[in-house]
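After this come two complexes, each holding chain A, first together with chain B and then together with chain C.
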Partner chain A sequence: MADEALFLLLHSEMVAGLYRAAEQGEGENGRCITKLENMGFRVGQGLIERFTKDTARFKDELDIMKFICKDFWTTVFKKQIDNLRTNHQGIYVLQDNKFRLLTQMSAGKQYLEHAPKYLAFTCGLIRGGLSNLGIKSIVTAEVSTMPACKFQVMIQKM
Partner chain B sequence: MAVCIAVIAKENYPLYIRSVPTENELKFHYTVHTSLDVVDEKISAMGKALVDQRELYLGLLYPTEDYKVYGYVTNSKVKFVMVVDSSNTALRDNEIRSMFRKLHNSYTDIMCNPFYNPGDRIHSKAFDNMVTSMMMQVC
Partner chain C sequence: MLHKTKQGLVHIENRRSISSITECSKCISCKGGREERRELWRREGENTVTERRICCSRKKRYKQAIKYFKRYTSNMSRPPGRKQDNHKISRELFVLTYGALVAQLCKDYEKDEDVNTCLDRMGYGIGVRLIEDFLARSAVKKCRSYSETAEMIAQVAFKMYLGVTPSVSCTSATGDEFSLILDKNPLVDFVEELPAERASLCYCNLLCGVIRGALEMVHLAAEVTFLQDKLKGDAVTEIGIIFLRKTEDKKHKRNK
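The block that comes next holds the complex of A and B.
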């Protein structure tokens, strides 16, 4: 359906637009990633509110992470997370072997250094969703081979 | 219909509180505040299987001689508290549930409003109208 392509194109344009604006302005590279992440944060908060409207209450943290991996990821990216690992001490690694926002770019090493820009929004999405569910976290992402990527979620104990 | 409706954030401060007989407002504020304890009790009783743990609707929190207090908690730990006149015995559980659903739907719409910062007081006209429609019958 066309709706998937819409989000992909909008997202690519968002990243490109922010970097263009940064070049004309102060030329600060690090701020763009933060802006993207903050955008994702606010969107994640709203999205989670909508998605959890009809689901039952969550029992614990693991339940919430599983919800993110299955229902949340399916609704946003039309597939589930391929692998969830945890050390049971507040660190979760979500692995997606065919990340939708990267599949259109390349399947090799060509654009590897540009990949993090495209993951920042999704990191914010996860962080915003978790924060609305009552979990403070830090989300980072890394790409070793396109289009697979890993999101690492570190839960902050308050 | 409802006499007082309150939306309480997860840090337990009110995002929205409105009562219909506008004198005696402080009494309703106090009631809602005390009902928060009961809400917390119900949420944390999850391990003991006293209530249906997976449900968002909490049911009757506690009755007093003038009115009854109902609660509902969302997955983002935002609580809705509704105070209903006791003399209105025709109000059934299903109706209360549907009123909470409407509240939840309106709250979700507010969350998705890009001009709304989560944690601010709710000033939305649409939300006001929806709450008024639930409270109007009592003069």
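The block that comes next holds the complex of A and C.
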């Protein structure tokens, strides 16, 4: 309940702090998104371990993606993913129409250029979670209208 | 008569015969004593035929009752400890994120003081916003003294956000300085020990910034520092709050 506010505030401070540091530093602007994504990766790995301690084994990739969309997303963002699409060849698109980290920012096209900063951590979160469930992937995000956003997961065959 | 409804059921027969009037019971919701109508429904794709008893005039009520029942039982079928698990996991999310943040800051800055300052500044930014959330959730009355404020922080705020209740003690005669003693610090749940080269890192410095920022938003200037830290080898974790008196009286004298 109250933890939600804490996490949201911590996340926005993290993004702001990293970018502030980058501005004062030697101009490593492109690295901030990578840093956020790596943080999310580490957190996702740890979180998925604790979360799936008692759950049954997953049957296949689609089952894992459904778990991410329902249980994982509900625990982290208190709601489910609104739409999951796949081409059955390793590409999944998760659509969230009211992404928790963007609702407070704007409800349209305003501040659209700042949105990717706030999605990097979540991309890492998904990638980390999948990696500890045995799936190597690349996760990207796109926003066309806030607060809706789409996460695209590309499974890498090893 | 065959037609499809939204739920996929196919209505195959509407039966009302003389024998059914005499054998069916009175409609339970309809007090007029009208007879029930029995209908046979066959689910699409299955072979079972179920009989549904629908009151002739209160069809809507029955349907609503069935919907409510289904929703209620589906909620009950979830395992009982689920909400607590979710609560625990969202707290772990916060703790893990904080850990990742400190790790990243340690990579970026070489000196411990820089990391501490950065954490404090972030905590300040969080605190100025968190106080509004806190006041909205707890709806507490105005605190009349510094000791009440310190008690409020320890017993209400810490309990609400971190689930622990530190003990408060006044450490000065003037009633300006307090210390919160935490036996259990949830932020360090996953930390075993500080690395050797980071001996003077205040891992939980964010908390100091949060308290400082929150107090400033209610017009109370304060200095918050860590007096003892379990991670550095002390017995307990102790946070010291020093309330700074406002210098209004001095200003008045100067104007005169």
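Everything that follows uses one rule, which is that the second predicted complex is superposed on the first by the 158 of 158 C-alpha atoms of A that agree within 3 Å, B and C clash if a C-alpha of one lies under 4 Å from a C-alpha of the other, contacts with A are read in each partner's own complex, and residues count from 1 in each chain.
The rule is simple: a contact is a pair of C-beta atoms (placed from the backbone, for glycine too) under 8 Å apart; a residue touches a chain by one contact, two chains touch by 3 or more.
Just so it is clear, the structure is predicted and the values come from calculations on it, not from any experiment.
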| item | value |
| --- | --- |
| Which superposed partner A:His11 touches (first chain B, second chain C, both, neither) | second |
| Chain touching more of chain A, residue-wise (chain B, chain C) | C |
| First (chain B), second (chain C), both or neither touched by A:Gly46 | both |
| Partner chain(s) touched by A:Ala21 [first = chain B, second = chain C, both, neither] | second |
| Which superposed partner A:Gln156 touches (first chain B, second chain C, both, neither) | neither |
| Which superposed partner A:Thr75 touches (first chain B, second chain C, both, neither) | second |
| First, second, both or neither for A:Asn132, with chain B first and chain C second | first |
| Touched partner set for A:Arg57, first chain B, second chain C, both or neither | first |
| Contact residues common to both interfaces of chain A (with chain B and with chain C) | 42, 46, 50 |
| Partner chain C, residues of chain A touching it in the complex | 1-7, 9-11, 13-14, 16-18, 21, 35, 38-40, 42-43, 46-47, 50-51, 74-76, 121 |
| Interface residues, chain B side, partner chain A - complex | 10, 46, 53-56, 73-77, 104-105, 107-108, 111-112, 114, 118 |
| In the complex, chain C residues that touch chain A | 86-87, 89-94, 96-101, 103-104, 108, 118, 121-122, 125-126, 129-130, 133, 137, 160-161, 190 |
| In the complex, chain A residues that touch chain B | 42, 45-46, 48-50, 52-53, 55-59, 132-134 |
